[in-house]
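Shared chain: chain A. Partners: chain B in the first complex, chain C in the second.
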Partner chain A sequence: MGAKTAALDLRGLKHWALGLVSPVCAILISFIMAGIVVVFSGGNPLEAYGALLRGAFGSAAGLRNTVRYTLPIIMLALSFSLCDRCGYFNIGQEGQMFTAALAVAWVPQFMGGAPGFLQILVMVLLGALVGGVMSLIPALLKFLLGINEIVIGVLLNYIATLLSSYMLLHASFADPNSSMPMSYLIEAALPAAAMVGGVVLIVLVYGLGMQRTVPGYELRMIGKNPRFSRACGLPTVRIILIMALIGGAFSGLAAVGEVAGVYHKMYEGFAAGMGYNGMTAALIGKGGSVGMVFGSLILGALQSGSVTLSVETSVPAELVQVVQGFVMFFATVNILRFGFRRNRKGGN
Partner chain B sequence: MEPVVRMVGITKRFPAIVANDSVDFTLEAGQIHALVGENGAGKTTLMRVLYGQYAPDEGEIWVGGERRSYNVAGALALGIGMVHQNFMQIPEMSIVENIILGHTPKRLGFVNYRQARQRVQELLTRFGMKNSPDAPISSLCVGERQKIEIIKVLYLGARVLILDEPTAVLTPQETTELFGILRELKAEGTSVIFISHKLREVIEIADRITVMRKGRVAAGFDGGGVDETAVAQAMIGKQDVQLLQNDKAADIGAAVLEAKNLWCFDGDGVPKLRNLSLQVRAGEILGVGGVEGNGQSQLIDILVGMLQASGGTVTLAGEDISRCSIRERRDRGLGYIPEDRMTTGLALEGDIDENLICGCDNRGPFSRMGLLMRKAIRENTGRMIESFDIRGVSAGKPVKSLSGGNMQKIVLAREIARNPKVLIAAQPTRGLDIGAINFVREHLLARKRGGTAILLVSADLEELMSLSDRLIILYEGSCAGEITDLGTVSEADIGLLMGGVTRRKKEG
Partner chain C sequence: MLDFLNLTVRLAAPVLLVALGGLFSLRVNIFNIALEGFMLFGCFASVVGAYLTGSVLGGILFAAAVSLLMTMVYALFVFELDVDPVICAIAVITIAGGLTRYLLIPIFHTSGRYILPPELALPTVNLPWLEAIPVLGPILNNHSILVYLALVLPFLLHIFLYKTDLGLSMRSVGLNAEAAASAGISVKKVRYFALAMNGILCGLAGAQLALSLNLFNVGMTNGRGFTALAALTLTGFEPILTLLACLLFGASDALVLMLSGEGYPVQILSMLPYVLALVVAIVPPIVRRLAKNARRRRAERTLMAPGRECPAQE
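Now for the complex of A and B:
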């Protein structure tokens, strides 16, 4: 590759900055709307947001917590956006997480004596594989038989959630002495540095791969016009299925991080609602890796700051969910395009 | 006498283009008024303004002596009805249900079918249609479906009938029949506006011809003995523009693309191709004609690999490719100019780089070991822009902002630069202006001279006759006839074949 020229860098920078306008607007509007809700319920929005900000970024512990919440959202956002480009609406992320987590919880049962790093390695691989297969099921049904993937995905979520509840009571890894359904403590722990490093690496590979590699190009073209891509000879179905597999693997990895890196056990409902966070972050980023990381950071910070919010102010922690709801709502609107949209061209 | 419709100084702007630029248009009672012009001249836009679909940015519309502004419902109330190019019908519903849709006569809150059926029956009889009002639309052929559209507009009480390219889907015989109906309507005092770009028809039927070019009125002629070339000149606006012709200098080699006994059934089990065989030889342009919907798109999709045939084989240079993927077919030298460049020929959201390399992106020089070679891709784009004279592109910008001609040049560049052995060109000049048409023709003829076997599918008879070395006409999925003596055959003969009357059958 030749040396980059300054002009090219500028163009890239402009593109990059423009890509942030829409998500920033969506988030600002959401905060304003949620602020109005706070005012009407008798609170002070500035005070509330101040508490959120302090909680998320004001201390080393808060910052650590913010990163901890942001990482899985990034993985889920990548998962959602990768599938979304193929026209596959991956609403089954929670199901993928629950099944992957079951696999992770099961690993110490059959290789308990093995060294920790080996167990972790198996957990990562197995979690990714199980998540990927779970995501492949609706994708196969959709692209080979034309069955709606949203229906299948939502139903699979129920199956996975209820299956994990059952397994956490009756499987070999279920802890019978705990007060709620959960697994035994997992002794092999995924180090935080590995999680941060892994996610950074995946984001970089994703961002560069999308722009610079043949699979990335083909995926982008399928996203822009699948019929055209097929007519040009791209193996569209194969690419789509591979992307569904990788997308599911990303959800699985998010679950591996949660179970083996944060909680050190799997408990009932640990991933409930996380799929929506990933989807929202992907919508904020509009498929761009920078925007998605930004969106994940905002959502992660909201979660991490919510404790401080409820401790320091009279505003309940549920405000965070109100903000999230608004963000999801406004992120679906492409504000940039909306602003400039006019009559479409008519004619023949 | 006061004209039925008077449009004064109509201007309609769209983001990229001024579609109508202070256009004046007058329609008299009982007049058949033809509106002609190339694609994109603003004919349809002007009529949509009259029909209330678009509000004009400037200008006045006077209907029956009063200044009006209205929407579609208002237009219908004023007696202005439009028959669109693409029929707006629900095939599963009956004739009478389609006609009364949105305007159901009611009695005590129930649909008064008896009254509706009676009125529809009257209209059907008047148009010489023997179909029952309860027959489903899907049982009708295209010509009949068009009559139903006209009946629908008359049922709503239209006194001004706008027909947008009504003859595009008709055989010459059906066109003659349509003209009979229009003359009858005219005798009853109904006014007709007739959009077309087929000059011969226009001169035959119109009392008045208005020519549009680039959003303006270029000329007006009174009907009866108008010189066709004068109208053509006004339409094109340039002197001495001749469409390129195939000189038919035969240097034709062996068969390269061969289809044998192709069968294709649609989802309902209706055969779309019936035992169709054809071959295209090196250096030959084989034209495929016929009324649209007689198996052309299935044939193309099967040859290209977008659709699996229900039976039969396709061979390319002697190798059976029936089971090959699209990529394998393309690697063996198949090029494809799709019928619809907006949905199949291009990714409109992609930039020119992305559109030019698609399908070749996985090999040198565009990529190496899975990494895109951006320098090589940009150089390729530069070369293509130069040799195909693509205008208006800027790096990194979606190609959707380009004109139709420049979009088609990108498709041509991608497909022709690969130097294909076989080129399948579906409606390659549809919707292009005359300069771009000639550009496309020039490249097709150059490929032919270079020895490429070209299959040209077109709805434009003139194009088929001037470019093909040999012509086959499809009717209901099989070959109604093959024409090798294109110099001597008349359009009327071809029209008979298009209508399913077999002239002679030769097995290729």
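Now for the complex of A and C:
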């Protein structure tokens, strides 16, 4: 009996290790491809990657920065994979972040006298709510009218970005004395420990809940086959919409962390390009929570190291974006499956 | 007013070229949301090509070539490696944004934007015989070759789709790939062809956008690829209707450009094309749904009308 469970565990471990091959390969290939780009533009890729590594992990400040960039990416990756499981492609994360950040920046305006923790609480709740509602719009349109959610999501991103630019110039929370469009300083700050703790808690709840609970099981079932789960008596559409709401709330929370925890103000374009980070991390992790945290860490390290990159070498920090794009591109390929299929063909 | 319509035609051209490119993909049932990325590659490549060869034509050809190459890589991934086309497309958009931003620095030693010398701007064509026509003349005259190409192409494409063998093959692949395959059509070849055309047209769209302003700006496509997709979903992939839809977007772009000088908040004005695209994407399905419901109610009323037997229950 004991031997049997051990064998099962070994198989599980092997499965898990095999699942790691494809994302790790994707990341390696991406670095090589980006390295080729660097060589062609007259730089030294090894020097560049060394600087990235030193910048991200070489000092206490660098490490802190890496964690700081990793946290929102984890939230966005959770948001993306939660929605992706239900067949809702949540590409509107940037729009969700911008609108949630607007709500956060507005909170001190109407409850300026209230104690700090109360303001933070309202910011968190309001940010999550606004993000969720923004995510619900494309989801509703998709499941009620069959409209492609990607087009709607992207258009909403553009509209939300422009709206936030406008609000940061003209709304009551806009700071008229700053050189660029931004909000007033937010006095009530979200402590770093709370952010780390919150994200760890959410990841744990997500990871365990997905594997060990009935709602998690139902969710996985809907992801695998929505028609079957409807036949099983699940209110499929309602569950999907709730998941879209929660997914949007996660993006909103990422924005709350950025605005109230890191910058202590909202400024124009603070979330530009972040939505794709979450998607990439979710892709590396293939929906599993460990892989997702790993993917977020790599992307966070890239961002945190990019400062050192531009200071210490002649390679511009924009390289980071190139690497990110390649990671996403190659993470789509399931190298293992491709290998197996070729083997089978050879056998026939 | 005539100025406004002239501007409308000019601003509609890049969206129209992208939309026609996307039409090729959609017609073979590939929902290619990477249009935005291919167009951005086209913008960048046109500026690089014009800079390196010192001629506008070089820029246009280079844009088409680079965009073609990128679509072929995309096609390779989607058709041969079986990747998720949507995620792969978003990866293409991310790479396009990152690479163009990055390569601007080693190639032009500047960051964010590069302005070509004005003699490398896309020249406009002045046709005296066109000028002579009263209303149409001032609207249609003084555009670049690419604008004229964009205006003629929908009609050619209509003929291609409905009057040629290859067009028929394309339509059948889009409607039912398996049936097309069993009828002896090489589905893969048709799809590669469609994506190649998609690439070339996106490249030309990028060239028109960048070279008509003789500059490259980071992220200058600004969602035009997605606007084109919204236009396509509105028109059901019909080339000539797409021309009309894109003229609508051109008009909204022109309106933004004309009103922004008059003290209206720029950010709110700039939302107009996106809001229009949103409306265009949302309203037709709602109308279709309402019409369907109305039809059903009417049918029920007729069935239940007095003097008619009720359908037997069980």
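Keep in mind that, in the parts below, the second predicted complex is superposed on the first by the 326 of 348 C-alpha atoms of A that agree within 3 Å, B and C clash if a C-alpha of one lies under 4 Å from a C-alpha of the other, contacts with A are read in each partner's own complex, and residues count from 1 in each chain.
Just so we're on the same page, contacts are C-beta pairs under 8 Å (C-beta built on N, C-alpha and C of every residue); 3 or more make two chains touch, one makes a residue touch a chain.
Please read these numbers as outputs of a predicted model, since none were measured by experiment.
Looking at the shared chain after the overlay, A:Asn44 reaches neither chain B nor chain C. Within the superposed three-chain model, A:Ser178 lies out of touch with both chain B and chain C [touch as defined at top].
When both complexes are overlaid on chain A, the residue A:Leu319 reaches chain C alone and has no touch with chain B. Between chain B and chain C, the partner in contact with more residues of chain A is C.
Of the two partner chains placed by the overlay, only chain C lies in contact with A:Leu141; chain B stays clear of it. Once both structures are placed on chain A, no chain A residue is touched by chain B and, in the other complex, by chain C. The touching residues of chain B, counted against chain A in their complex, run 12, 14-17, 19, 39-40, 42-45, 48, 54, 85, 304, 306, 325-327, 329-331, 336, 338, 343-350, 354, 357-359, 361-362, 367, 370-375, 396, 414, 431. Across the complex, chain A is touched by residues 31, 33, 77, 81-84, 86-88, 90-92, 94-99, 101-103, 105-107, 111, 222-223, 226-227, 229-230, 233, 265, 267-268, 270-271, 274-275, 277-278, 281-282, 285-286, 289 of chain C. Residues of chain A touching chain C in their complex: 37, 41-43, 89, 91, 141, 145-148, 150-152, 154-156, 158-159, 162-163, 165-166, 169-170, 273, 276, 279-280, 283, 316, 318-326, 328-329, 332-334, 337-338. Within the complex formed with chain B, the residues of chain A that make contact are 1-2, 11, 15, 212-218, 220-221, 224-225, 227-235, 342-348.
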